[in-house]
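Here come two complexes built around chain A, the first alongside chain B, the second alongside chain C.
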Partner chain A sequence: MNNEKALAEEVVSFSGTNPRNCMKCGKCSATCPTFEEMDLHPHEFVSYLASGRIEKLLQSKTIYKCLSCFACVERCPRGVEPSRLIEAVRDSVVGQKGADYLSPDRIPERLDPDLPQQAITAAFRKYKK
Partner chain B sequence: MQRIGVFVCWCGSNIAATVDVDRVVEAVKTDPNVVHAENYQYMCSEAGQKLIRDAITEHQLTGIVVCSCSPRMHEQTFRKTAEAAGLNQYMVEIANIREQCSWIHKDKDEGTEKAIILARAAIAKVCLNAPLQPGQSKVVKRALIIGGGIAGIQSAIDIADAGYKVDIVERTPTIGGKMAQLDKTFPTLDCASCIVTPKMVECAQHPNITIYAYSEVEEVKGFVGNFNVKIRKKARYVDETKCTGCAVCTEKCPSRKGRNEFNCGLDTRGAVYIPFAQAIPNVATIDATNCLHFKTGKCGICAKNCSANAIDFEQKDEIFEEQYGAIVVATGYQISDVTKFDEYQYTKHPDVVTSLELERLMNAAGPSKGVLVKPSDGKHPHDIVFIQCVGSRDISGRGKCYCSKICCMYTAKHAMLIREKYPDVNVHVFYIDVRTPGKNFDEFYRRAVEQYNVDYIKGMVGKVYENEKGGLTVQAVDLISNERVMLDTDMVVLAAAIEPSDGVKHIASMLTASIDTNNFLTEAHPKLRPVESPTAGVFLSGVCQGPKDIPETVSQAGAAAVKVVGLLAKDYLVTNPCTAHTDETMCNGCSSCERVCPYGAISYIDKEVMDKGVREVRRIAQVNGALCQGCGACTVACPSGAMDLKGFSNKQIMAEVDAICK
Partner chain C sequence: MIYSYFPGCTLKAKAQDLDTYGRKAAEALGVTLEEIPEWQCCGAVYQQATDEIATKLSSVRALNAAKEKGQPLVTICSACHHVIKRVNEDMKENEDMILRANNYLKFDEPYHGETEVIHYLEMLRDKIGFDKIKEAVVNPLKGKKIAAYYGCLLLRPSKVMQFDDPENPTIIEDFIKAIGAEPVVYPFRNECCGGYQTITDKDQSDRFANKVIDSAKMKGAEMIITACPLCLYNLKQNTRDIPVVYFTELLAEALGVKEQEG
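And then the complex of A and B:
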């Protein structure tokens, strides 16, 4: 297996969602409020990762344009949750750059049960250079 | 001592590639009861069967074991083979060494070892088999159809034409079903009611058909050839024998708040109503929840105006019983709930409608008399957007995992009809895939694109919202150009998923017919027995079995009818002799078996029993052999081990387990 495919698979497993459930309806992009700011769109992220391609995604502006508003997660008929895939790619880029923003001992004991798991994992790496 | 013969089939390479058939033969020969064993390439072939017949005669076999495919495939074949050689057919056991062995093993040693174990278990069982004689039960020559849509109507006509009596039970006030609500039908664009109403009339006039409209099946007992069904005839508060269908009452009724079901609730009707002009039976029905007489005790205007004196506020539900030899389930479908898709504003904006609602908006008998108008203001629309697959192919939990099959075609139909009648209206269709398998189907869809300039855009709509002009804006992406699409439109039509009708679960459980996770009734075999339920005597017609269009429904309805006719043509059915029986000395009359019996085959009698020298009267379970289907539930439920199943006795099953564990 080549490196790109291996990395794509790792990022997909990290996302906790399966891009192969996608039926290519495009509803994620159709519903996305920042569609026009993106060079690669949510449906393209799903399609690229489903076929083991990630290089272009790592270079994409989209990972900084996604608002994590979860509209695509709410409305995807296949439960693919594209926003989590974008988040996973973003983590794999940003996560390599610096120290954690949030350290595990600072996670409050009781979490708001409605808080998306993504919000807490993202805080580990997202903001610090 | 039994004299058992064992016959090991290769099934070509299906078994022989993973199971060493020679080793199986050698291994079973060591069993003291086995006097003959051999293997052959295709045991089910004529030559293979001859091998078995000859061996039975030559070795005076008292029982045989065939190691082959699943008993569902060839048990009957080998039973007949044994019978032809003078052996009782219940002295045959099948060891399934294909589906449960060769097909699931890769390693030949493992496969062979398991095949030997399965063969030994079957030998242990057959040694305890006793010859059984099947009985006979009479067939009632009358069929019941549950559901009076096009599926039920077609099955009824076909069965009735073959000379048998048929009753249709329909829960709404009229037969006709969804097809009567449609405007035109694809791919020929003929008027739906022009082709369904003659069939409805045929049902009404047929000497062999009785229609019980506004009725429901209440209880089903019995078994194939002998179903005993309770039917509830709901009170219409109108005497059907007197009502002439003049509809004066429906015009005079002062309560106008009833939801007009026939028009999908797009307008209202009186509390006394006839669903549509060609309804059958053409009699009025009073809906008590909206009727002023039932609410206030006053009014009675309908009764005053009825020249036939047909209004009867005192009418009560009637329950009657009828016997049937066969039952056809034709309960059809309904539109699934689209209110969960709040991104499409169905509940918020009146100009967002489902496709079935659009049918009514375009139909001459609909709320707008066939003039297509916006439900919000009654004005002419200039742009209409169709959204495909709303709730279909959806595994997110909001919709149905399957393709509803009919939507691609009816949307192409709607688009064409609109463009034909109103060339000024722009029609856009947002699709994921256009699926048009069927005779003249793809040509039909292409005509919408090529001749009628319908704008097909690949991509599901993300959301619909009300814009500042009060109209609707559709936000989507054109996946071919990879560009955002923002479209202002006057109406949005949702191609909503279809699902089995409400109540089908209840009917399935009354019939002990199985349903799948989507509530579609399961067929006995998806390819070879597609119109039969696994429950004997229950047949499937139309969408209750899976999404299908009208031509397919009519074909399936005809196929179900042929199966029913094939059953009703017999005077007697052979009954399964593998039924339960009670050991009277062990039964303590606890009723556990009676409670679990799905066929109502167990009752209790007080009987004098001689047990260990004591004579006393005890309450004892008794099995009606004609009703018992041999499911074995009672044998498991019985706490004292008094219940046992012929052909599958507890002793036999323990012998199988012992053989496996040896």
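And then the complex of A and C:
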């Protein structure tokens, strides 16, 4: 097995879902509120991983754009839960040394008196390991 | 009635109104919310990967504390509710998580998802009843047109959250009716506000929030209510002409306990 395929399999295995259950209806992307901000879309994450491809996904800005709103999870007729795959790819990227997407240095410029703690905690959980 | 209560970090800091009014209103309705001792932050987001266990242990601790008291666990913040409810589901059916979390936490008795997790709104609907609330209202908010903003976390994934119909929820509208006001139903009430994206790409969260606000205003809303501190923040950042408030504040007002010391 080549490296790409092995990595794709590993990411799928801890994602908690199986992209091969997809029937390619495209509903996940159609319902995604972030569709326009993404370079690769939820159904593409599913189909790439189903065929053992991950390189492009690792470079995709989609992993930082998905909001975990779970619209794709709710509306997928096959129970694929695409957000799990996007998150698993992001985990595998930000889990590497020095690959944090959000560094604490960026927080002070974003602090305003009303910003809830929840926002900072959530962003760090998503963008930093 | 006494319930265990998990306030969460944001309700102790930037969202104190959500907490204070929630407690006052509960007391007025004959419910005491007993804060879990030494609760820890839920982590604000549910980590979806199956090998994520450490980040879920704080929820398991809270769940077990409620179990030991034999009480349901009440949450108010949408994010805390989402995380704790999903972790509880994991503790019912994910064998690996059940084993590893229990091995690590070593409670007197292993935890298997026994605690009933209910959001404050579910407590109002299912435990107290909206008809009882209606009877307890002393200041009905007559004629006020209020838009319920659900957001994502209370509703989805509905398989686990089981909060309401995920596409056509009614619980907050029923709440609005119970306090004497008029609910405004609008298309974006269960769409995302932009969430934590406000930290890394504020333009994006602003665009999302504006869609929600415009949609509510177009249907004639005079006010938007929510249960989520981050939804409230994102919406408030983008509106000056329509108030966005916590549902507990309106409840306390309707019950006549808003100004009470406590």
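As a convention for this text, the second predicted complex is superposed on the first by the 97 of 129 C-alpha atoms of A that agree within 3 Å, B and C clash if a C-alpha of one lies under 4 Å from a C-alpha of the other, contacts with A are read in each partner's own complex, and residues count from 1 in each chain.
The rule we apply is simple: contacts are C-beta pairs under 8 Å (C-beta built on N, C-alpha and C of every residue); 3 or more make two chains touch, one makes a residue touch a chain.
Just so you know, these numbers come straight off a predicted model, no measurement behind them.
By the touch criterion defined above, A:67 lies against chain C but remains apart from chain B after alignment on the C-alpha atoms of chain A.
Once the two complexes are laid over each other on the shared chain, residue contacts for A:78 go to chain B alone; chain C is not touched.
More residues of chain A are touched by C (comparison of chain B with chain C). With both structures placed on the common chain, the touch criterion links A:25 to chain B but leaves chain C unconnected.
By the document's definition of touching, of the two partners only chain B reaches A:41; chain C does not. Comparing the two complexes, residues 71 of chain A contact chain B in one case and chain C in the other. Contact residues of chain A toward chain C in the complex are 14-16, 33-34, 37, 64-65, 67-71, 73-74, 81, 83-84, 87-88, 91, 101-102, 106-107, 110, 114-123, 125-127. Against chain A, in their complex, chain C makes its touches with residues 8-10, 13-15, 41, 43-51, 55, 77, 79, 152, 155-158, 166-167, 191-192, 194-202, 204, 208, 229-230, 232-233, 236-237. Listed in rising order, the residues of chain B touching chain A in the complex are 343, 389, 393-399, 432, 458-463, 475-477, 479, 482, 484. Taken together, the chain A residues at the contact with chain B in this complex read 21, 23-32, 35-36, 41, 43-44, 71, 75-79.
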